[in-house]
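Quick one: structure below, then a few questions.
Think of it as A, B and C in the order they're written, each chain with its own count starting at 1.
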Amino acid sequence: MDLLYLIFVDPFVQMGQAPDLLVQTLWDGLVSGVLYALIALGFVLIYKASGVFNFAQGIMVVFAALTLVGLYAAGIPALPALALTVVIMLALAVAIERLVLRPLLNRPDIVLFMATFGLTYFLIGFGQLLFGGETKQMITRQLHLPQGAIDLHILDGLVTLQKIDIAAAVIASVMVASLAFVFQYTRIGRALRAVADSHRAALSVGISLNQIWVIVWFAAGVVALATGIMWGARSEVSFALEVVALKALPVLILGGFTSIPGAIVGGLIIGLSEKLFELYWGPLIGGGTEAWFAYVVALIVLLFRPHGLFGEVIIERI
Amino acid sequence: MLYREVGQYHASYRTDTAIFPIRQDRVGMLVILAVAFIIVPVFGNSFLLDVVAIPFLIYALATIGLNLLTGYTGLLSLGTGGLMGIGAYTCYKLATWFPGVDIIVWILAGGVTAAAIGALFGVPSLRIKGFYLLVATLAAQFFLQWAFERVPWLYNNNVSGDIEVPTRTLLGLPVTGPNATPATRYEVTLCIVVVLTVLASHLVHSRVGRSWMAVRDMDIAAELIGIPLLPTKLLSFAVSSYISGVAGAMLVFLWYGSAEASVFSIDLSFTILFMTIIGGLGSLLGSFLGAALIHMLPIALRNVLPGIGLDLRPATVEHLNLMIVGALIIFFLVVEPLGLARLWQTIKQKLRVWPFPY
Amino acid sequence: MTNAAAGETLLAVEEICLRFGGVQALSEVSFDIKRGEIRAIIGPNGAGKTSMLNVINGFYRPNRGVIRFRGQSFTRMRPGFAARNGIARTFQNVALFRGMTTLDNLMTGRTLKMKRGFFWQLLRYGPAMDEEIEHRRAVEEIIDFLEIEAIRRVPVGRLPYGLQKRVELGRALATEPELLLLDEPMTGMNLEEKEDMCRFILEVNAQFGMTIALIEHDMGVVMDLSNRVVVLDYGRKIADDAPAVVKQDPAVIAAYLGVAG
């Protein structure tokens, strides 16, 4: 009886007693949800355009942030360093296309997927070799990003909103909107969707696969850079973020691999629910539930909907 | 010239279905076993045994475990680390409750819980495939690691939160704990690995192994031929997890001596997966080759680079190692997707006709 | 022409309907297959022939209708049940286990007949080994019959298409089925390979008395092989008779040549 009370009643009583804490938690969940969604967005971009499930997307986030900070530490001013990082992400996209994607053309999806495991480890080693393995601070001030916090005195309490979080939400929205626009209304967007449907058919109507892939991986690299800056500004820059970046996977399960809005919704659901669960139910089982909560949610969703919440059901033929 | 099968005819299906049908292979196998059982422990120093041989064997066993699931049945998993942990913690609890029973029994029993939990997390595999299944195994991995950290009962409420391996003897000889000599631990490790490898090899050459491969290659056709999908996949999960669990118990009891929860992290899962891919998906021999390459690479880097005048900081060597492993994965997937095992086959094929290739 | 044609009914489908979303793949199709005969299912592309086979061995679940098999009625078949009760099939686009050798592919066909449990397989000794060898012998007979001795140890992914089709037939035969469903066994073959395949089909039917239902596009082959032909068009049955009669049927000619009205 006590246990049932602790699970089903007590958390809601707590929510009612301290509404400011609830709002603060919701806000925190929303912000981490935005960051998950941004990583997931990079996955979706690449998956839509090349059918490759890019496991390395999370690492590309860290790699981009590390490059930016590393260049600044090497004496290059902030904005040129930012530009240079964008160029490096372009070079990375070209290198990946040449050395990984092109030789693996027409191989099973699972092989390409495993190749991105290799890419993940290569980038971890490479990034640390160049810029050192120690934790770094994001150059928030030098990039003219807003700092500080806004304190809202509402609901008889205090809710603190970090300005950088608001900026993250705004930048994320702009990025999603423009990507959606590009995909839906431009010639490149149409080519991307064609490539995703069938490599061979796209080739036959004269679309250059190599070019498309470079564009897409570059776009994913830029998204990764933006994500890396936001994320770095909230915590710090190190490859420990790898584990957090993996959470984009359950986000994708919820949102589906091909849907940009799905990635956003999935990210927000995961971000919100894991923060709420940790605060109100976590203490019952010892805390630290954020490590697995997202995956278990995804697992439960999969048991009932094997293709995710927004994924399409594919009719099997033989 | 030495490697010829000319004149070796199989007059019965019995000799033809043997696992090593060629005489030279059988002789070679015996030589390797003799070296492994006698020469290595007699002449090996504790560096060779403790740093090279014992971990290599344990990693090879874990890789065989994952290979049965991923290479033979085609189910990708990143939960190996967690399942190895299950094996270790089960063995620890059992050894605490029943100190009188031989430790090897508990090492082998450690795999049973892992098999049960592995099969449990394998249940969704009937409905979900590929990347989706990977997320299910990640759920297992993160949940288990969390449990290892947060459930004090698992580590007997030690202040340190570690498993500390007690001294246990077999026939009066200390096998585990600080008093066991590297040579003893090596022999025990070798015995377990050899026995389990032989059993695994029996399985993959039998009806069970063929059903796994059929499910891997074309699950729909397998079902229409009468291979039940869920039991076949669950059996694969169970056997694979059993071997992983035993390897995990050995990792702590015969190598580390003590371990904390972070040993069984996602990084361990990745290491084993990489050994599987580089060694060769769907090959037991490849599991040994892959484990050898990935385990020896950093050791070689640490010891060889200073020798040729490159004196690097340990951290740099570590980063270099990550880069090389990552690049190797991509290299093998591009050039030789069946891994080192396939390279070995090619060499054998060449040897067969050497020195007259035409 | 083969000898049978007059046995009792082995399998019958009655008023089978199958829908995918808005597409009506099969509507009220009924026909029967008699023991020992060679039954052909023909029709233009997209007529629902493969869907029909998928319904018969349980891969698709029909929306309506009954399947009668050996006198029992089912609203749907299940793949496992079909396999256990002697229904085997081959596929339009070869569904072999590509990573396995020819021998291993055929051995998978024996799975249901192998009774020794997991722990015997672990030991691979005594009764388990005897069983393995007994089934190896049965498989070798099929290899001999299909004249594929030379490719015994070749992974089937490396074989040319015609041989793959032959190995697939071998795998179906290894299950010792009562009813063999062949989905376009001769597509993509040259004349010689077609002749071989025809010979195998006729021999399987004559020697082992196996009942065969096949889908085929090559009219000459259908006319030569089959006892009776059922013709589907847009998911409906438009004719069902002996090959010579079907050939003259105006509805069939219209379906193939696209006569207006």
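The rule we apply is simple: a contact is a pair of C-beta atoms (placed from the backbone, for glycine too) under 8 Å apart; a residue touches a chain by one contact, two chains touch by 3 or more.
Just so it is clear, the model here is predicted, and its values are computed rather than measured.
A.B. asks: Quick one: which pair of chains has the most contacts?
C.D. replies: Answer by contact count: the chains A-B.
A.B. asks: Measuring between Cα centroids, what's the chain most distant from subunit A?
C.D. replies: The most remote chain is C.
A.B. asks: Using Cα averages as centroids, what's the distance between subunit A and subunit B in whole Å?
C.D. replies: Once rounded, the distance between the two centres reads 33 Å.
A.B. asks: Using CA atom averages as chain centres, what separation in Å is found between subunit B and subunit C?
C.D. replies: 41
A.B. asks: So, what's the distance in Å between the C-alpha centres of subunit C and subunit A?
C.D. replies: Here subunit A and subunit C have centroids separated by 48 Å.
A.B. asks: Could you say which residues in subunit C touch two or more other chains, in rising order?
C.D. replies: 59, 91, 95
A.B. asks: Could you pull out the residues of subunit A that touch at least 2 other chains?
C.D. replies: 318
A.B. asks: What parts of subunit B, by residue number, touch at least two of the other chains?
C.D. replies: 220-221, in rising order.
A.B. asks: What residues of subunit B sit close enough to touch subunit C in their complex?
C.D. replies: 12-14, 17, 199, 202-203, 205-208, 210-211, 213-214, 216-218, 220-228, 235, 282
A.B. asks: Spell out the part of subunit A that touches subunit B in their complex, as residue ranges.
C.D. replies: These residues of subunit A touch subunit B: 53, 99-100, 103-104, 107, 109-111, 113-115, 117-126, 128-129, 133, 243, 246, 249-250, 253, 257, 285-289, 291-292, 295-296, 298-299, 302-303, 306-308, 316, 318.
A.B. asks: Of all residues in subunit B, which touch subunit A in the complex?
C.D. replies: Those residues of subunit B that touch subunit A are 76, 124, 127-128, 130-132, 134-136, 138-139, 142-143, 145-146, 149-151, 220-221, 266, 270, 273-274, 277, 315-316, 318-330, 333-334, 337.
A.B. asks: Can you tell me which positions in subunit C touch subunit B when the two form their complex?
C.D. replies: 57-59, 79-80, 82-84, 88-89, 91, 95-100, 104, 107-112, 114, 116, 118, 121-124, 128-129, 132-133, 136-137, 140, 171, 175
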